[in-house]
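Before anything else, here is the set of structures, which you'll find just below.
Across the two complexes that follow, chain A remains constant while its partner is chain B and subsequently chain C.
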Partner chain A sequence: MSDLLQVKNLKTGFQTENGFLPVVHGISFHVNQGEIVGLVGESGSGKSVTSLSIMRLFHDTRGKIADGEILYKGENLLTFPEKKMTKYRGKELSMIFQEPMTALNPVLTIGKQMRETIMLHLGMSKKEAHQYAIEKLKLVGIPRAEQVMEDYPHQLSGGMRQRVIIAMQISCNPSLLIADEPTTALDVTIQAQILKLMEEIQEKTNMGILLITHDLGVVAEICDRVIVMYAGRIVEEASAVDLFENPKHPYTKGLMESAPKIGSKKDRLNSITGTVPNPNNMPKGCKFAPRCPVAMPICHEKEPELMADGNHSARCWLLDEEVKKKEEMLNA
Partner chain B sequence: MWQYLVKRLVSLIPLLLVVSFIVFMFIHIIPGDPARLLAGKEATAEEVEMARVSLGLDKPLYEQYFIYLKDLLTGNMGYSVKSGAPVSQLIGDRIMPTLGLTFLSIIWALVVGILIGVVSAVFRNKWPDHLGMFTAVSGISLPNFWVGLVLIQLFSVQLGMFPTGGAEGWSSYIMPSFALGAGIMAMIARFTRSSLVESMKQDYIRMGRAKGLGSRQIIFGHALKNSLIPVVTVAGLQFGFLLGGSVVVETVFSFPGLGTLLIDSIQFRDYPVVQAEILLFACQFIVVNMIIDVVYSYLNPKIRYE
Partner chain C sequence: MRDEILIEAKNIKKHFPIKTGWFEEKKYVKAVNGISFHIKKGETLGLVGESGCGKSTTGRLLNGLIQVDSGSIIFNGKDLANASKQEWKKYRQKMQMVFQDPYASLSPRMKIKDILREPLDIHFKNMSSREKDKRVEDLLDKCGISRFHLNKYPHEFSGGQRQRIGIARALILQPELIIADEPVSALDVSIQSQILNLMKDLQEEYNLTYLFISHDLSVVEHISDRVGVMYFGDLVEMGTKEEIFNNPQHDYTKTLLSSIPQMIPKARRKQLT
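Entry: the complex of A and B
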């Protein structure tokens, strides 16, 4: 099956006083139709910047896509004039944000915010859009949907709001849904419900989902394939099964050891010491080397390439046969 | 919404009572004999006594207050010392021009102020923004009588476009209402700008873009309503003072309204008229505040549902 989304060598960063500061360093990946792909990494690794790049949502910020291609059904979104991109947002590709509490406009009713998109993209009248919106709200499991249409966001709980947002963002049947930590801000029990809902919707609509999370438990639960990101780079990519059975990158292993069971609110990645390096002050070699328990001298000198073994690839010197041999000789 | 309105209206009753009591006490608080004050400067001793009885000033204070209230409700506000005409008639002659003037200046202030604010926010740090904010700072720092004088000099004396004063025809309203509203307009422009810039950074704006809304829908459909909440609060306070400002502006334009009537009455110590005007000013303040509250609750659903 052809790729629904193909990101090629994407470089994104921010305009600062000291010039352009890259945050995403030439990453490439794809999402197929009907597939849920997890994008995992610690806070600050560039997951949100990646998803905003795909949607081209850098209005009113200093964010800028410097290089690369984002092919959606074969068309490079980065060459679209803003007007055409506007038509695609919400209709072809859609996005759910981390913060359901602030993502809805507080002064407009849910109904107004639901209808708006539907009327815009599906060309329905207000009345038709209203009925259609109610159906969508019911689809995401909102009780008293007619009533909720008249409500304002502050009258709903966080979980309800996230459901509303999901309903809103899938209402025009997009082929690709980007969900940026859709459950992080929610209660444990609600988290599981929302994930289940997304899985159900995916099965019904066969859309592709790029699910961003820092929670490997979530990945294990619903993802088909996983991309692990660190400091703006992809460090490992594999099917979910492969990744959990045979993690190759020390960072991924670290994530797994520290992964909380799904739902638990425990401190995130507590077994990896240190933090993601600041984009202003990146280490020279492998960006993970300063925190890596098995780092070798070469790791501090030279950054490894992404090395593929079938459909499983990782960016680590340990996978390089020659480096490995040398290391073994030294140790022997 | 209706429930809220009714609640607000009912809550006005005690406030109006307090205001009317203070205004009623006005004539008793001024040093001197109220009967003498109300009878006028040239009244003889007998005339003063007659006034005392006819005005009921010989009765106990609380009774006087009830009579005053009753008279108010029937539209009787006493008689002018200067002309002997009923105060209600004097006020009635002057109220429409002043209401027209203040209403027009509110429209100016809102429409032009919000427009400048939106344009400045949209073209942030570009020349329309700089121009808009320069205008706004000027508007805030220049006193309204000066703006009035400059307008007269420019548009009446030099260009002959508008009359220098009076209240004949709509064209005589344009300059005074502009002079009266300029300060508030400028303030609204500045608040709208900063508030809109702030709104545009909110999550729901990015969400709106992710839904595929265009910039126009984002600004007018989503950001502006949120931005106007603080603007309304600030503007509302200012509108309450408009009648006060109209005293100055009406004088500059020799405009036959409540402001000039007040000045004349104070100069002549025409206390019944002054008293009635104070009551009107207070009521206007209350009514404006009430309207602002309603607008505010319309804009901000969180208030409405409390």
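Entry: the complex of A and C
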């Protein structure tokens, strides 16, 4: 199996007073070595829960992985004892979080925080780790890296902090990097720099990156393949080119049309009506049907499967030939 | 009508002191460093810039939430620099704000009905209770919130709905100018477009003037007639949106524009270059 990460039928949810509340409903996808995969969705679509499940940072709280497998280089992470998982986190798979302000410990110097990971995972001495950390800081484009090692997080700007975090996360040469909204808290000019940096590092190290974001612009900027999530399900999956040039799911189309585009003469935006359904009260059929502009009667009754056409798949009845024929006959 | 100036800022300045030691020289953050602009009746002026550039401070200076250090603000031909508290109260009725965070800007302990009635109770003491109720209901309707929700509390609403309520609260006093500080930044794209459409509809219906503050250039381009670009307390460029977006003059504007992610996939972009 050449896949770096393979998620199979992952079901995750929360333990509540009224029983188990599923948030991610059996999703399957993979990330190859040397590939940047975008996981897109709005708040509440289950994208962050998915990433936390992969890192197994979801267990302790009220979250629970109910079913499925997460295969990393063929090994199921979910069966690992916690000790083994700790060894993998940071070394094999590592994660960048959204808030560069809170991901670093405010009372420790950058140097101390960077050395800690390196000494733990690579078994270096303090002195070696120090030199090694400086190299990594230089790699992510931090000027005067020696000095930054002595700085505390509050002495750095948001963009700088995110660079430090990236340096830290790639310091042990992980094969898989999960980046959860890495640029959302940053200004556009800084965002452009960080995205470029991630792309460069990916090319240098050939790692696989799973980029979680709500911003389709960011996806287009650096992703090779895209997975669109809605209400805890994958609704579309395709190469970035196919997705942007030929989106198949009405939700994906809606998302693209909702974003204002510079230079467009349109006075009004085509918005998607309504809001994301509440996990307590999901519609019966297709979860997008209540907001869908082209919903048919069957959409409200039965949930469609993910239908594949080559490497492009979407969860929509419109792609089912039989349903489509029936619909046309009814309309004729 | 369209060329009439509603509000004008002349060389306004605001420097915030930074705490330093007793004997050290006093230092200041030059949040707004002597900028001038005007907004015409019925138009939307977009103010863009990155965090810390002074765009929010500018918005707050205009409606007197922060006092200017120097310079003047002229609203409907009246200089507000020396206005008394009483007079400010009168002016603020005509200029209302919409804030960024719909979770923090509505009091969690007040019902929607009361949130919207409070401004009326303060500014329209002579209005009958029934009239007030009617105005609240009508406006909520226009903003897309059903009247069944009148007795609910803010936590019962989603982010988009809360922003609709925030907009309704700003409009309840029938203001002329709305200062909207990042009104859609906290919302998902699909909701963001609903709110932008709503703001455009309301502008047409009530002939509103907007100062639209945002860091998001594509949103600003969509909603504005004219755009000002701020950088470290200065207004570095100002023009119609066509001028700014098609033919930017200042280097900073050019950098900003080239940083916006385009919806063109990486593989295609590489073919183009």
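Rule of thumb we're sticking to: the second predicted complex is superposed on the first by the 317 of 332 C-alpha atoms of A that agree within 3 Å, B and C clash if a C-alpha of one lies under 4 Å from a C-alpha of the other, contacts with A are read in each partner's own complex, and residues count from 1 in each chain.
Keep in mind that, in the parts below, a residue touches a chain if its C-beta (ideal position, glycine included) is under 8 Å from a C-beta of that chain, and two chains touch if they have at least 3 such contacts.
Predicted model only: the values in this text are computed from it and were never measured.
When the two complexes are overlaid on their common chain A, residue A:L57 makes contact with chain B while staying clear of chain C. Which of chain B and chain C touches more residues of chain A: that partner is C.
In the superposition on chain A, A:Q155 contacts chain B only, with no contact to chain C. Contact with chain B, but none with chain C, is seen for A:L104 once the two complexes are overlaid on the shared chain.
In the superposition on chain A, A:K87 makes contact with chain B only, not with chain C.
In the superposition on chain A, contact of A:G254 is made with chain C only, not with chain B. By the touch criterion defined above, A:M168 lies against chain B but remains apart from chain C after alignment on the C-alpha atoms of chain A. Of the two partner chains, chain B is the only one touched by A:E116; chain C is not. Contacts of A:D224 after superposition on the shared chain: chain C is touched, whereas chain B is not. In the superposition on chain A, contact of A:K126 is made with neither chain B nor chain C.
Residues common to the contacts of chain A with chain B and with chain C across the two structures: none.
Touching chain A in their complex are the following residues of chain C: 50-51, 158-161, 188-194, 196-197, 200, 215-219, 221-223, 245-246, 255-268. Those residues of chain B that touch chain A in the complex are listed here as 200-214, 217, 221-222, 225-226, 229, 299-302, 305. Residues 55, 57, 59-60, 83, 86-91, 94-95, 97, 99, 102-109, 116-117, 120-121, 152, 154-155, 165, 168-169 of chain A are the ones touching chain B in the complex. Taken together, the chain A residues at the contact with chain C in this complex read 42-43, 158, 187-192, 195, 199, 214-218, 220-224, 239-241, 243-245, 254-256, 258-264, 267-273, 275-276.
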